[in-house]
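Here chain A shows up in two complexes: once beside chain B, once beside chain C.
On to the complex of A and B.
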């Protein structure tokens, strides 16, 4: 592209082209991130918004999903194409790059298999990790999972076969065989949005079922729910199974979007982001969780596109401002608008719908 | 083999964990809040030392006093601005905990920004600092050399614990704090000004934790992450104390310190476990304590028991 002299009054055709391209790229990038974070926010909302469990270690299950999918995909590719090299080695990355686009059905099959396996494995891990703490109150659950996440990251950083601090690279995109990268990422964004919608429908069905009413009862008064014969710890464990499984799916989707994974993507800040989304959008409302995810990922992505041109970096690192804002946002929303943007609504039961119909005449 | 060094470190780290764990137990017991800002008190206490030594104030007791005041001010501010309004509105423990989480993130990156700015202004790296303060001198007790750093830690830890002991048992405000922590409504009915008492308690909490942070800064290096590294240990210490008993918390501090030094060294010796796997042992201790001797009814939990309880 030609460079225009500073102060030129003629913006020219080139600029418009560039703006147009950026908008499409930005939209695809943003909608993928938005959908992944919305899935995470919905899963956290099931736990905190509907059941009242403070899960401060969401990122652990996200990480397990991503790593599991990476290992599965890379190992399968290396076995099929007969490359014997460690998963993280340069040889493996070269082989993956060479053969990544040869068998479309293998890519897609592995994508689907990864999602299913991630869901099952993270669900089981979530169940096992939280089992000891469910009986002693929400505070311990939070602390234990928070430390579990940090310890998992620590383990991954030090575990050689999974690439230690460098992580795993070159995971083939499920649509590697589509030549045009914009089309490829576009299709992927649509699929992720579709999965997000599916998760949303599932969560809505779940919380409006009799099981969902038990969840709200547990949130409002655990002892009362227990007295009415609900096995509170088992129900909590079930919700953590579901929530962790959904987070695992999000991890798999994130991996296939980036194509690489390393332990430092899964720092506790990611969890705090998801918390900020759920609290901003409104706890106990899946639409709210999605709205919160949309707002925060939009601001975040927009800032990553804009920040370099602001020239603030000489004085202060923009990251610090961004994270201070996240913390402040959580506190301020809790203080001044505890319901969030879209507050909790009554549960839709068949009886309520009939009653409304009669009322309307 | 497990030698003198491990025992020495256990004692040293145990003292620091005690200074850090006692306030957490006290604040939890009085208000029912699992306070994540505790992590910031640690970091801020350590950085008070760094900033004061930049200004030329190097007397350890002076620095400790300033750290106490800064930590206390932040703790009281948190209570007045966030925790009190929230609990007035009837927020449950989970919401209070999430609010403290938000404050934690805010303070952490606020500190990062300040350290960054000051570091650029004085053209020094303040992101990982070795504290250089005027500490007590190294003494030689008939052949046994006692490090000045350890002596300083011991002195300050004893001062903090004595302060806690005297305030909580000998003064009327200490009695009021204990009354509020046992049953805040009954305390209020008997004419105890609950808000003042709780504010005083927060000041004690924040101040002592900041001194603990300063001690950790003397022991190790100071970075804005220093509090975050200690989350697991401090909470494990408090959980061993059942989040209610100060004495058990003090014992827990030495248990965790022992697990991280003596047990770790023994495992390293026998099984060749890398020394960097320390946090895993602490985590294991935490999970075992929660399974075997859960802090009953703490954290808003149900009175479930895995084993038959002892009669009181």
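On to the complex of A and C.
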């Protein structure tokens, strides 16, 4: 069974694509979504949880990663197989379907290249978009990136070479040449989980260092950090570079899972889904961000799989139930565990070990 | 001895308020200078101008034969000019030790590319941690090393601000009311330590203080600010006799 990604975390698709319930399919689907959103949650956590920068436009960098990978892959395929058609045309989609499984190394190569390029380009864009706002104040940063994301979406909606509102289709899966779709998506899920783990390790090492200490200092008191010789604007822009680059990677992974992109997948709500994950899991803790992503993607995927069998009317979509569930979870967590499920912990640097040794005697 | 820090005719206005109106002070290397004056006389504003917090309307600030007015606070800090705040600005999500260890500039582990590789900065970190612990112990804060800031008393928070400045090995320390809210004997100890640092390491101090009874025993020279202007200056024993100073403090 092709594990179609369905429903609300993927607003571009309608529920008419619903397939019958399948446990393995569900697990593959959920773990892929979980890993992609965990990557996004870790990147947001780096910004809001550790540095205190409210990024309300995470989705923009996610979108850039996805679109960039789509364009890169489609253009390369069309060039290699000598098809001269617009990227979004039916001819292009047919050609991609025909040749998509012929050269395994091309698929894999493009996958890797897309990830690297997405990281670099989104990182640079993140740095450029946010650098001018950093000197003004934290609220400006959030609003600027939020509107940047929306502007980008409307630009994409109206830009015909990238398929306007229909977006781009038929991007070959990196493992298109694997005949069994379950195996194909299974391998892909494992790879995405692996990348998520890599991102997690990187983020953990980054924050459990003197650099992480400076980030927390900036979150607590920017002015004091500045007066202690830390170049606060540059450090913040660096964090946004890293956070945006990670979001770009997630965008590339999302694209290759779906095989298509359209502008309305990247509505601001996606950003707030990621926020909900970070709030739920615990700000300033990467494990928390992952836990939050696991819970919310689970609720989301489970609801999209289960709701049709509940026999509800068309007015109650999985979306509504999901909103209520996520809202309820956030309220409960904030009531009973205000720091999130896994709250912030002290930084693990050798300084702590020295302190421990001294305390022991 | 050469002048380490000098302000020349510095002025700073906030709307119609002349917070500083042509203040010139000189701080010789290795001296301990007091800066006193009634509330609102412009002492902290002068600190803020010196440390790059405010750009002065007029005048110049020289440090180590370099003009430093117009530099950002972080650049001023890196030149070796370290300040504390009147209302302590510590980092509540860091422990006491981390609040101290964060101050030394140019730490290897603070560079984003080196940060993920513990091997590159581990040694420096441990060295700094040991120095920080030693400093904290000297001020009787050894048992609070792993505490959060919220668990400390006001006096300890005040002390911690000063201790934090010391680890950065500055050329000059600008202390904004280091003894406010600190017990008399502890305040004495703090100033004794300041004198020792001066003689051992040649550190220079510029100190704002309201508690003249503590300050006057330890400083070489005093500047008195009033309404943004220098009212008087001189040796501490001369300044306290100055009728203008007495009037400013008592007559309001």
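Here is the rule we go by: the second predicted complex is superposed on the first by the 312 of 361 C-alpha atoms of A that agree within 3 Å, B and C clash if a C-alpha of one lies under 4 Å from a C-alpha of the other, contacts with A are read in each partner's own complex, and residues count from 1 in each chain.
Please note the rule applied: contacts are C-beta pairs under 8 Å (C-beta built on N, C-alpha and C of every residue); 3 or more make two chains touch, one makes a residue touch a chain.
Here the structure is a predicted model, which is why all the values come from computation and not from measurement.
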Touching partner for A:318 - first (chain B), second (chain C), both, neither: neither
Touching partner for A:232 - first (chain B), second (chain C), both, neither: both
A:259 touches, of chain B and chain C: first, second, both or neither? neither
Partner chain in contact with A:25 - chain B first, chain C second, else both or neither: neither
Touching partner for A:358 - first (chain B), second (chain C), both, neither: second
Touched partner set for A:328, first chain B, second chain C, both or neither: first
Which of chain B and chain C A:343 touches, first, second, both or neither: neither
Partner chain in contact with A:86 - chain B first, chain C second, else both or neither: neither
On chain A, the residue positions that both chain B and chain C contact, one per complex: 223, 226, 232
Chain A to chain C touching residues, read off their complex: 202, 205-206, 209-214, 216-217, 219-221, 223-232, 235, 238, 242, 284, 344, 346-347, 349-356, 358-359
Of all residues in chain C, those that touch chain A in their complex: 51, 53, 72-74, 77-78, 83, 85, 89-95, 97-98, 101-103, 105, 107-112, 115-118, 121-122, 125-126, 128-130, 132-133, 142, 145-146, 164, 168
Complex contacts: residues of chain A adjacent to chain B: 48, 52-54, 56, 132-133, 135-140, 142-144, 146-148, 150-151, 154, 158, 222-223, 226, 232-233, 269, 272, 275, 279, 315-317, 319-321, 323-324, 326-331, 334-335, 338
In the complex, chain B residues that touch chain A: 34, 82, 85-86, 89, 91-95, 97-99, 101-110, 112-113, 116-117, 120, 231-232, 235, 239, 274, 276, 279-280, 283, 286-287, 290-291, 294-302, 304, 306
